[in-house]
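Here the chain labels run A, B, C, D, E and F in written order, and each chain numbers its own residues starting at 1.
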Amino acid sequence: MNLLQIEAIVKQALNEDLGHGRDITSELTIPSDAQAKAALRVRKPGVLAGLIVGLSAFTLVDGDFEITIHANDGDALEADQIVAEIEGPARSLLTAERTALNFIQQLSGIATLTNQYVKKVKGTDAKITDTRKTIPNLRALQKYAVRCGGGVNHRSGLDDAILIKDNHIATAGGIKAALDAVQDAGHTLKIEIEVDTIMQLEEVLKHGGANIVLLDNMNVATLKKAVALCKGKIVTEASGGVTLETVKAVAETGVDYISVGALTHSAPALDMGLDIDL
Amino acid sequence: MNLLQIEAIVKQALNEDLGHGRDITSELTIPSDAQAKAALRVRKPGVLAGLIVGLSAFTLVDGDFEITIHANDGDALEADQIVAEIEGPARSLLTAERTALNFIQQLSGIATLTNQYVKKVKGTDAKITDTRKTIPNLRALQKYAVRCGGGVNHRSGLDDAILIKDNHIATAGGIKAALDAVQDAGHTLKIEIEVDTIMQLEEVLKHGGANIVLLDNMNVATLKKAVALCKGKIVTEASGGVTLETVKAVAETGVDYISVGALTHSAPALDMGLDIDL
Amino acid sequence: MNLLQIEAIVKQALNEDLGHGRDITSELTIPSDAQAKAALRVRKPGVLAGLIVGLSAFTLVDGDFEITIHANDGDALEADQIVAEIEGPARSLLTAERTALNFIQQLSGIATLTNQYVKKVKGTDAKITDTRKTIPNLRALQKYAVRCGGGVNHRSGLDDAILIKDNHIATAGGIKAALDAVQDAGHTLKIEIEVDTIMQLEEVLKHGGANIVLLDNMNVATLKKAVALCKGKIVTEASGGVTLETVKAVAETGVDYISVGALTHSAPALDMGLDIDL
Amino acid sequence: MNLLQIEAIVKQALNEDLGHGRDITSELTIPSDAQAKAALRVRKPGVLAGLIVGLSAFTLVDGDFEITIHANDGDALEADQIVAEIEGPARSLLTAERTALNFIQQLSGIATLTNQYVKKVKGTDAKITDTRKTIPNLRALQKYAVRCGGGVNHRSGLDDAILIKDNHIATAGGIKAALDAVQDAGHTLKIEIEVDTIMQLEEVLKHGGANIVLLDNMNVATLKKAVALCKGKIVTEASGGVTLETVKAVAETGVDYISVGALTHSAPALDMGLDIDL
Amino acid sequence: MNLLQIEAIVKQALNEDLGHGRDITSELTIPSDAQAKAALRVRKPGVLAGLIVGLSAFTLVDGDFEITIHANDGDALEADQIVAEIEGPARSLLTAERTALNFIQQLSGIATLTNQYVKKVKGTDAKITDTRKTIPNLRALQKYAVRCGGGVNHRSGLDDAILIKDNHIATAGGIKAALDAVQDAGHTLKIEIEVDTIMQLEEVLKHGGANIVLLDNMNVATLKKAVALCKGKIVTEASGGVTLETVKAVAETGVDYISVGALTHSAPALDMGLDIDL
Amino acid sequence: MNLLQIEAIVKQALNEDLGHGRDITSELTIPSDAQAKAALRVRKPGVLAGLIVGLSAFTLVDGDFEITIHANDGDALEADQIVAEIEGPARSLLTAERTALNFIQQLSGIATLTNQYVKKVKGTDAKITDTRKTIPNLRALQKYAVRCGGGVNHRSGLDDAILIKDNHIATAGGIKAALDAVQDAGHTLKIEIEVDTIMQLEEVLKHGGANIVLLDNMNVATLKKAVALCKGKIVTEASGGVTLETVKAVAETGVDYISVGALTHSAPALDMGLDIDL
């Protein structure tokens, strides 16, 4: 995500926390010239994501911080590892603290969960990908965190790829009609189509005109059969209730991509804290 | 949350999904005059939150929807229960679908988790409360979801209550200095102070000037002792790594409030779907 | 008010003055490389507020200003005192001049009026507080100015304290019902309730559950009686048409807070000017 | 002011009052289906301004209000006159009340003060006009209120007319240089120039190229002389510390326009209230 | 483009025209209750685009318009054809007139020019496509107009497809390195690569990993040779200075797509007017 | 245009190009520490406009650019002339390239076309002026470009001058009524009125009260007659379908201003490019 957009989203979050405009507690208890040092420390092992995004909360609140980075997004972290040190005005440090942590913990939580899936499918050709099941107004950052965890991104929105789902097929009047309808959408757009059965898949393969087939909610046996039909003809993606327990078996069917909604809608935050040394 | 602010945040989320501006797939595969009916169904049991917020995605995209509500925020839902029915233009229905679900699933996930904590402390006087450990730019809605789940809200931001933490105490020059510093902040603001030890607590009680004491990271035995010292003098709040496993024991110390960060930073989404009948 | 929010509001004001985008007069009459020095001078005695806010207009228009501060917000100023000196590009100085002055004069006007009330109640225990009767979209800065003048702030909005007024009581079904309804609003929120008569006050005191009582539009004799009933039990606030003439008598009743709408809705601007030395 | 811009500014003010998003008191004490009727009543005599602007606060918060207008902007009001009646949901009525009143009281205060000046100069040819000494981010509405009070507007900002002040003259290298510099600014822009002395005025008249001369801080005798020199040649405007006491004498010099900064920077609010009948 | 985004961009344009907030002329010369009827008429033949976008200017300014549509976007128009009739408040009609026309004329100009290119390549397999050489902040609407004219859209921005240009190749260390670098970007993104010579093309074809090849600035002979090499292997796009004079020869090389920057950066407006019948 | 507003509009354009937030191609193919040098070169002769505006795209994306300017807005450029050199991070350079060029090419196109009109009327007293027929949301910059090309600006919007057109006259009840209606609009606003015939012009001249007369769609002979009637009495402006072919004859009628809509609605972009030396 570009810095221009990071700045905008972090400012919005700072304003959310400041409400009517003041960190009253810090303003009243901390002398305006007090300085502080703080260490951003991870409390549990995980994968880092959003460090620069979160730290920008400090510099947006106050120009006078010195920040030292000890780890990079995508790094595997051990418990108690220090990822950054921040030095500057004590008041502003406490004002920005929560916003900074909220970003880094959320995004590192996603990277950590993604990485668990990625490790599970190691040794297969499958790649872990995300969905549009994201937390409202945080999608671009969440998808960045998926990349930090070793995943690859699915489309960003309704506008950057064509994904024909069951309802589109039904309204369009069938698989052929739906695929025909999108052929002139533009040569720079990929076309993906969802199928629930082998019969539907065969119709897609016969008709052509799709780049990717989404094999939705198939059991492992059916999936295996479907993947075999597709090899060398079309990219395959499996989706539907895949968990850390089931992902390996899904990957072993030979499918190219496995999409997991939980990466972005249900990842627990990674526990982190700011140890301040006043 | 006021409708004015709901509308703004839902519009922002729709724009996030629309990106450069088009739901290309629906535009190309669905006739502009096609109508559709859909049932919003919960797939797992849980507590509903954010129904009106999420449904507003449909009406913001298109004025022509008819929506029937079958459940209200705060209701306990059984698996497969229909919570609302939506009827209107098929294209717009599919355009708004994901944004609507993203809101309702996130917020119902929070209400559901909150409710699990609330049930655990049933029979005690303890109330479950949230924190500022929220997902950036979603705080007001997340705190609303906590209320739907039976929790009560802690402060909304840095501006609507005073919360003197360990770092404020250290910089201010001790508990007394910190409490003195905030006495003239305004008569409409509550004052809360964090203590880590019984000794600190005794200093707070002796000095006076606080409405609430935050008993941070104490074990159950210490907490019990602390609560006993406070009874009738000051409101008590326990915080620090409380889980569904430990919350009951914490509540049985007699503490008034138990704050749980996980309610808003780590609640998994409640599984829901839109079954469309074209 | 945080610098992040100050910057936003001052930018909005600069854009308001620039309209379609140009200070045509300065652009055409002043060479682009002309430098100027200016002294910001108060013309009448008063209390300073908003100096940094106003001066930020210069730095937001042009990065090349050097500014020297000779007084701080909250200082009592004598007529003709210089509060700051600004040196930099002549064009930008003239472009930002009016916006800078509009902020500082408005806010210093409020601080000055507040301070006149504060001086009148000197020797009593009463504090002067503001209201939500503020000028639209300037509230946070106006409330800051009240603090500069020696006042304390009442709540910032509808969201950061509970204030049960006569209409709430009537709709809720009486004082008890209204107080009961707000008891679970959250432990970090203060509860204030308005009463017009001694009888209502007695009901509030008997029922409990409020932190502050707003004694509305009572004459001095009634107020005295009311305050006597409240001492040691509940914080008291007097409101309703208090003027510089009547405030002392109100304060002498022993009331804790006196709220004055005029501080923010009717304070005349403090006369100031920018003496430019080209 | 166009409705599009009124809606934006009133929404901003509602959001300012709602802060983190809730009118907690009304939400908890008032049943969601309670209805209320209210009469907007002026408490002191004055001139109405901003009625539609203020009342839009109700309809922006809730679509279900019925509003009856009993007076129009520009009308002279007697004490206790009802200017509008509002009927609708009790909760929303109380949520929007303060924002609505803040707009109408501020703007009616300006219209009332303007009208006092206008009445003082009755019988002369002088018109009362405003300045850019306005309250930040409220200028367009304040200038509208000036018109409601019988005044005429000076320029709206730095972009819609040329006003060469003393500092522009000094930097440009004199009156002639300054006037020459703006001659090609565009045929749709008026050119005004400030003079402090008769000598300067004579230079302006001799050189030509200005549409209006601003006679700044002249005493009545000098002003009379200046006006005599200008008659039939150039429009005249007097400015500088004009008060309700001095405005008549200034008008009797024959000057065309008298600009008064106090109209917009120091007008006290007109006392109004919403009498609610639940 | 979604109505949500159309509304935002048209509001911005109305505010641009309203400046400090008033259509002064209409406000002063037209009675507030005057009604008017107007016919939107094209003055020159062309292809319509942006009709709904432009007409929304009327409804955004005033809710009381009745609009009848006589043509649809994409229709070929004859000179003097009426495309819509608008009936409603005369003041608002004149306020919105220019903004409405500015949108429709710009966008119809693009559709008209695009259509001229499309007609030139009739009988070949080539499709006309646009570029990112658009007018700042109008891209989504301009690309919509290209579709109205019979063109297809290239990518919408830097985020929705990969386009490796000469500079990317040079910095990445050659064609292979560049193609390898983007293979894991995500399965929903198309990969396009620019080549200037047959030798570069052969390297691309040999290496694989691209979906589209951009044949930049090749003369017709070279282009023909390049297209022949690509047939059946990769989609081809020609770009670089293509004009209405040269496009047919380019198309006859058998290339799949021809991108033309002029469609969006240099299309003259289509002449239209609003004939008002008061 | 002020830098504050330039920054806002360029940020909006960068966000338009970045869409969901990433320049994927540059991010993947260019090492994060790669540096690049680029020369901004004009490909065809023309007049420069918008250089600083466009170059700000680079500095807004990344703080680390060094930019050297070799020409100024308003300069006549020869083909292949270098107007600026940019040195800095290669990734950011490629990210900002298109946005920068889109601004400079559009605005230089306008300056170039304006200058062609200006040269045609050389030797006459006529000045070339623009209209409100601008591209939505780009007006202030387009009008700046007109000035760079040697033109003068007409009014900026509906708010900064009065222009009574045929429809205003008709609704107001004739020329006299319309002119009377605007006399008290404010002394800082110019009044212009449109006439189509000599008879109407005579009515305007007889009645007085206008500063400028817009002679609309008159042929050269009528225009000459009209101008003769106006000399010394009122400023004249000719409008209506003036082209590069006809403008000289129009100018020779002695008219003061000639307004040309095509300057801003139909100017082709000036061809420019960024030659990057990696």
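Note that a residue touches a chain if its C-beta (ideal position, glycine included) is under 8 Å from a C-beta of that chain, and two chains touch if they have at least 3 such contacts.
All figures in this text were calculated on a predicted structure; none of them were measured in a lab.
Residues touching across the chain D-chain E interface largely differ between the two copies, under half of the numbers being common to both. Taking the mean of the C-alpha atoms as each chain's centre, chain D and chain F sit 32 Å apart.
Chain geometry summary: the mean Cα position of chain C and that of chain E are 51 Å apart. Between the Cα centres of chain A and chain C there is a gap of 44 Å. Along chain E, residues 18-23, 95, 139-140, 156-157, 159-160, 163, 185, 189 each make contact with two or more other chains.
With chains as nodes and touching pairs as edges, the resulting graph is complete, every pair of chains being joined. By the touch criterion stated above, chain B contacts chain F in their complex at residues 19-20. On the chain E side of its complex with chain A, the touching residues are 127, 129, 152-156, 159-161, 163, 184-190, 192, 212, 235, 237, 256-257. Against chain C, in their complex, chain D makes its touches with residues 9-10, 12-13, 16-26, 28-31, 34, 36, 90, 94-95, 98-99, 101-103, 105-106, 109, 132-140, 156-160, 162-165, 167-172, 177-178, 181-182, 185, 189, 261-262, 265-266, 268-269, 276, 278. Looking at the complex, you find that chain D touches chain B at residues 11, 14-15, 18-23, 60-62, 95. Residues of chain F that touch chain C in their complex: 1-5, 139-140, 156-157, 159-160.
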